[in-house]
Each structure stands twice: as C-alpha cells, then as structure tokens.
Amino acid sequence: MSVSSVIRRVAGAWLDGDLLYRFRRSPVAVAAAALGALLVLAALGADLLAPYDAFDPASANAADARLPPGSQGLFGETYALGTDPQGRDMLSAMLYGLRTSLVVGVASVGLAAVMGVLLGLVAGYCGGLIDAIIMRTADVQLGFPAILIALLIDGVTRAVLPREVHERFAMPVLIVAIAASYWVQYARTVRGLVLVERRRDYVLAARVTGVSTPRTLFAHILPNVLGPILVIATINLALAILTESTLSFLGVGLPATQPSLGSLVRIGNEFVFSGDWWISTLPGLLLVLLSLSVNIFGDWLRDALNPKLAQ
Amino acid sequence: MIFVLGRLGQAFLVLLAAALVSFCLFRFVGDPVNNMTGQAASLAEREAMRAALGLADPVVLQFVRFVGKAVHGDFGMSYRFGQPVAGLVLERLPATLELSVVSMLIATGLGLPLGVWTALHRGSRLAQAVLAVSLVGIALPTFLIGIVLILVFSVRLGWLPSFGRGDTIQLGPWSTGLLTGSGLRSLVLPSVTLAVFQLALILRLTRAEMLEVMRTDFIRFARARGLHRGAIQYRHGLRNTLVPVVTIVGLQFGNVFAFSIIVETVFQWPGLGLLVIQAIQFGDIPVLAAYLVLVALCFAVINIAVDLFHLAIDPRIRISGGARGAA
Amino acid sequence: MSALLSVENLRVEIAARDRRLTAIDDISFTIGAGEILGVVGESGAGKSVTGTAILGLLEPPAALAGGRIAFAGRRIDTLDEESMRRLRGKEIAAVFQDPLTSLDPLMTVGEQLVETMLTHLPIKRKEAFARAEDLLRMVGLPAPRERLQAYPHALSGGMRQRVVLALAFCCNPRLIIADEPTTALDVSVQAQILDVLRRMCRENGTAVMLVTHDMGVIAEATDRVAVMYAGRLAEIGPTRALVEEASHPYTRGLMASIPSLTRRRDTLVQIPGAMPRPDAPVSGCAFHPRCPSAEARCRSERPPAFAVEASQVACWLADPARRSVSA
C-alpha cells in the first residue's frame, strides 16, 4: 500500500463522506482549523515574517532589554510585542518558538503513531509471548502519567550524556521521549483490529492464494485504522505540544539556544514579579491559541467520525 | 476473592517493573562509585568501594538486594544532598499529598456535578458555554495557569501568596499547612492551578458517560415504567455513570501527582515535585529511583482502592468474582 | 364496546439533515379492552415507532407531526410530560425487545419492582415487596422470594424477560405495548414468554399491542392484526380472516411466507424486492414496485382504506367500485 493511495483514501473519505459537509456546517471547527492553519503558516514563514533574526546575537541589544510592547529601540527599531531580558524582539522569538513547538509536536506524534501501529500489528499478528510482553508493557505504562515518562527519559539522557552533547541532541531526545510516552493508544487500537480481522475469511482466502498474512493484514487493516488513528493523533498533537512546552518550561526540554514557546515562558516567569507581564504571557497566549485550535479540531473530528455521538 | 488477588498480582507486577527500571537507573546510569567518591579517589579506593557496595556481585543478586532494601525504604544517599533519600522524600511527601488531595477534591467536587448537569441540560446555552470553557481548561498548559494566577492575584491584587507553603504545624512526622491561616492561603493558588485540568477532564468524562448511560435501554424502560424524572436521572442514570467515573477519578490521581511537579515549580512549593525536578536537572539518580517506586506504589494503592470500590458498588463483579472464587 | 385505545391519522416525522422524513403516516386503528392486537411488518415498517409514539417516548429527531391518540376516551398525545408519566407504567405499560438490557444492572429485581409500584400505587413498601413476590410467582419465576434479592445479570434471558413482564403488570395496566417481546430470546423460551403474556392478559383483562415480525406469533396469540408497510397501514382485520384469506397482496405474501405443515411447499415463498426506505419514498402505493398485481393507478395514486367485511384494506384491488364492476 503506497503513501499516495493512503492519501487518496483519506481525501476520498473527506470528499464523498459527509465529513466535509459536517465540517462546513460547524463554524467552530472551521474557525479552529483556520486558526491552526494560520499558526502553521506563521511558523513555516518565520524567516520571512520575523522582523529580526531571533538567533542572531547581533540583533539582541542589552540596552533594549525588557521593553514593553510598542516600544522604540535604541537604534529606532520597533518592538511591536516588546523585548525579552536579552533585548530580543518578542515577536520574532515567538514566531521561531512556535516553529520549534510545532516541529517537536508533529514529529513526536508521527513517531508515536509509527511506533504504536507497528507494535500493535506485531502484537496482534504474533500473539503469544511477544503479544504479552508488548501489551503488559503498555498496561504498565498506561498507569504512569505520560509527562512523567517523558520527564524520566529526558532526565536519564541528561545524566548519561555530557552537557554539550546533550544540548546538541536535545530536540531529537525530546521527540523520542514524548513519542515513547504516547505510543500505547495506537498500539491498543491496532492490535484490537488485527485480532478481529485475522479471523476474517479474506485473510484465509489470501493465504490460500499464496499472499502472506502479514501483507494482507497490512493492506486491509491500515485503511481501517486510519480514522481512529487520525483522531488519536490530532488529540495527541495538542497533548504533545503541551508536553514539550511543559518540559521546556521546567528547564528539562530544549536549551535556551533553541527557544520554544515553553522556554520563552520560562524566561518570562523570572520577571513576573517585576511586572513585565508580556515576556511570559504573550508566548503563553500563542501556545494556548495553538493548543486550543488543535484541541477543538480534534474534539470535532472525534464526534464527526463517531456517528453514535453525533446527535 | 480471586478477582482481588488477580488485581493485587497485577499491581505487584507494576511495582516490580518500576523497581527494575529504577534499579537499572541506579546501576547503569552514570557510575555510582564515581558519583560518590569524586575525582580524587584512587583506583584502589574505588575497587574497595565497589566491593563494599556489592557492585562486583552478579546483577540478579544486586537487584534482589536493591528490592530488599527498597522494601525497607532504603534508597541510598542523594548525590546532591549527601543525605539518605528516604528521609528527603518523607520530609517532602506531606506537602505534595496535601496539594494533590485538595486539588483533586476541588476537581471532583466541581467537575462531577457540572458534568452531570451539562449532560442533563444538553440543549441549554449555559451548558454549551460550560462545555466550551471546559475545552479551554483542557487546552491550557498548567504552568501558564499558575503564572496568570500569580500575575493577577499576587502581583496585581496582592491578595494571595505566590510561593511556599506558609506556616506549617508539625504533627509527628507529618508537617501540615492545613491548620494555619497562612498555610491555607498559600494553598489556594497552587491547588486551583493543579485542579483546572482535572476539573475540565472529569467534567467532560462524566458528561460523556452520563449521556452514554441515558441512551441505554434500561433508562428507556425506566421511562416506560413512568418513574419520576429525578429517579431516572439520579437513581438509575447517575449511579450507573459513577462506576466508570470513579475509576477515572482514581487513575487521575496519579496524574495529579505528576502534574504537581509543574505546579510546585511555578509556586516554589516545597514538595516532592520540586525535589524531583531538581534531581533531574542534577542527575541525582537515587532520588529519581525512589520517586519512581513511590509513584508506582501510589498507582498500585489507588488501583486496589478503585477495585474495592467496584466490588462494593457493582454486583456484576461481585458475582463473577465469587463464581470464580468458588470454582 | 368503545375502544380502549384509538389512534387516528397518526404521523411521525424524523428531522434529517435538510428535510423531514416521514417515519409513519396516516396510521389509524383501535384496540378494545382486553383485546390483543398484533402489529406486523418488516423491520423499518414503523411498528416500533407507532408503539413509542403511543407511550409518548418519541425522542428527537423523531416527533409527532399529526393525528391524535386517545386512551380510555381521553386524548393523550397532547398531554404534558408529567401527566403522561403518571399514565406510563400505571395505565399503559411496556415490554421491550431486549430483556438483557431492559433492567438496571445495579439494582435488584425486587427493588425495581417495588420502585415502580411505589411510584404509581398508594401502598406501603412492605406490601409492595409482598406483591412483588406474588408477581414473580405469577410470571413463573422459580423461587420468587430469593429472586427478589437477585441482580439482573444473575438471571437468564428468559427469566429476565419474565421480570420485565412482572414490571409491566405490577400496576395492573389496561394496555401493554409489547415491542418484539420474544425476538431476542431462544426459540424454546419464546413460547413460554408468550404464554405468560397471554395468560396474564386474559386473567387481568389487559389489552396488548403486540409488535412482532413473527407471523407464527401473530397467528397463535392475537385477536386482530394490523399489517404495516413503509410507514403505513396496509391491512387491518381479524386474525383469522387475515391468515386464511388476506385481501392485500402484501399480506398474502407475508402469510405465504409462513412455513406450514398443512400446506406443503417445495420452496419457501419470498416477496421479491425490498421495502422503500423513509429517505426514498415511492409514489402511489408504496408496495407497487414489489406487487404482482400492480396497475398504472397503483403507481400514481395512493389507495385509501376500503372496508372488506370486518377488515380495512389499503389496496385498489379492494375498491368497491372496481369490485362491483368485475362482479
């Protein structure tokens, strides 16, 4: 099953099912999707949109530190959303931070989905000991809060790797840590479907005609789980983005050289008491908008794909 | 009885898994000898220490010894503080437990009734509004809620303290902030911050479960029997809703424990969470290991409590458990 | 004998995405006191919707859109919810299809019986319990005293349906709407349940609207039969007349599909084609696409109900004008 055929199937479900109809009928879902799309575009175009390069030390000017929104800089720069303690333009930092948050969120959800689907397929197909090991691990992990697992994985790599090395690999480590804490749901869903499908006649028929069972399962089950996986992924995307920002806020996620929305809030948190509210709340607000748009869309998608609830 | 034993076995498995992970952390992450002796120690000193710590023994034996010690609350010395980990953890535990329990009470006390109410008044504008606000509650990052609450109630209005526990009273080994005015005032912002997400979650889950139950045949049949609306909604609807909701509330307690790390960081609340986040930043593995085991223990205890509750309320489990017990 | 229940031109619509679908239309019939009226038809013909409408339990998106329902000389389709509730379970009781899901799993059989009686009857709890035991005995439940303490899941499907019957009879109703009461049960149990229902009705003078798609049940247990097709009444008349000599081609098809011991056939007769769905209505007589005797008129004009002896038949074949010509 090629990628393009998967895309065609999903697109087909959108166009001929009533998903698109329901989508157009729900102003809230349309608004959430539009906001989400706007944020993604802003993040992708950060290089073009940001007035200043947030990573260029030359653009930071200590004399312009902690200016409130709408201030003029020493050399006549305009800081629409103010500056941070290093004199960086908040707007630019936020755009780049948004990009980092989105990249980590999307990558970790993608990784979690791939891990979960594969482990679920293997567990359901092999059964026996392998199934038991995978699913018991899932059970145990489900008992633990996801954020704790991500925290532990991140904490352990921090203890193992020397500081400079860890800093260089902070983002991949973070992505793996978050993915490892969210794979369980996918695995359970896929395994359940495999167990149902492998008893069906067509699997038997395919085996008789010489097509291997794994291949049959793959070709038939993957399209069936696309709907549920899409829903889980959308809702998990919001969770993953929040987890990343939370870890970065706690100072165990991304280092200061790679600002994400969470680490920007962390920086601002130190200046809350001096009344410099914009350094923490503005990136926070952007984070909330992102999380809210994904959450609302995911909520809508779940209801739309579940006819039992759509009354 | 067999049912309970089965669940106990499962809880034991989780504990064992946590112990294994924390043992691996302890044994293989970083070199314990290096961590304890520092750079200056000679090779001979290191070997002596290694033998003294039992690190030369077979790994399985070491694990058994680790579990044996853990059962007695011995998790070794903190790399950072040079004190026994057990003492550090016990000293911090009351602060975190008080915070978690109070916020869970807030979340359940408001979330459950609101969830029931929004389910029963599905069409009303107010219920729709409550539901929309609850989605915002789900989407808000906890740390941001804390920061905004501090900005508004501590910095702007100056009504409530923004850090620490206030005055505490020592009751035996337990230090409580619940008996002093400043302790209670200090608890308000952190516990509300910690409660917001759980409240929204409990509200939405209760609503979903209640709607599910109100759609069932026995509710339709109860209406056909001409029962009063209150009897249908509460005696039949709510009771059946509570079974899954209590499970969720119980399991969420573990999450509250984890999220207290965030809240304790924002409010500098001197509990376990703050200890753990510092342990992660400093690579203080013994503290991490102890925390992991403690969370697993907490998880096991809650699971058993939830099962006992089910046993008390749900006759289906009671009978099937009994039948299996007799067999 | 004046009718206990009279339904006139009943119409129920279902609000769909952008239009209103007609679930049932122009349904008129009566049930006399103590009479058993069978209602047959394929699934989707509108049998259950009719029963639900009489009970006043239609739920959005379905709603009454016309006609009137009178019970014991009093119009009930316009009653407010509270007055209707007083009627339900007391005067008009219900038995639904699936006994496995009709009872609240968290409440004992006795409690559910007592709860229903205390809602409608001016009796004490103790009397109610005594009556509950009697009722369980009457519906043929072995060891009724012990069964009062049993939870539904501890009973078999057949036993549960007996409990449901006891619940329906507990306030001595004058009418019972029985919606496929035996469909979900084992064949061996079906006859027993039907027996209990019939016996209790005869003893108490209770009338029944027995919804089913089982022609065997109809022939065996009913006084009169209403045949529904695509949301309309095709034919209604005495059971004997319909079984032996139906006028409507659809009824004839249904009767022919009963496997019979007396009339030997090599193959089971089937009516070719499928019933039109509410979202794709058919012009003229809804049965014409499948009717062996359809004419041009059947495609364009909907037949009214013509009286044929004691029956009412909605078919142009029964048009007296036509009959007099051909005679």
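For clarity, chains are labelled A, B and C in written order, and residue numbers in each chain start from 1.
Here, a residue touches a chain if its C-beta (ideal position, glycine included) is under 8 Å from a C-beta of that chain, and two chains touch if they have at least 3 such contacts.
Only a predicted model underlies this, so the values are computations on that prediction, with no experimental measurement involved.
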item: Pair with more cross-chain C-beta pairs in contact, given B-C and A-B; value: A-B
item: Identity of the chain that, by mean CA position, is farthest from chain B; value: C
item: Approximate Å spacing (C-alpha centroids) for the pair chain B, chain C; value: 53
item: Separation of mean Cα positions, chain B and chain A [Å, integer]; value: 24
item: Contacts with 2+ other chains: residues of chain A; value: none
item: Multi-chain contact sites of chain C, meaning residues that touch two or more partners; value: none
item: Complex contacts: residues of chain A adjacent to chain B; value: 136, 139-140, 143-145, 147-148, 151-152, 154-156, 158-160, 238, 242, 245-246, 249-252, 262, 265, 268-269, 272-273, 275, 277, 280-281, 284, 287-288, 291-292, 294-296, 299, 309
item: Interface residues, chain B side, partner chain C - complex; value: 216-218, 220-229, 231, 235-236, 239-240, 243, 313-316, 319
item: Chain A contact footprint on chain B (complex, rising order); value: 10, 13-14, 17-18, 25, 29-30, 135-136, 138-144, 147-148, 150-151, 155, 162, 211, 251, 254-255, 257-259, 261-262, 265-266, 276-277, 279-281, 283, 285, 288, 292, 295-296, 299, 303
item: Of all residues in chain C, those that touch chain B in their complex; value: 55, 57, 85-90, 93-94, 96, 98, 101-107, 115-116, 119-120, 151, 153-154, 164, 167
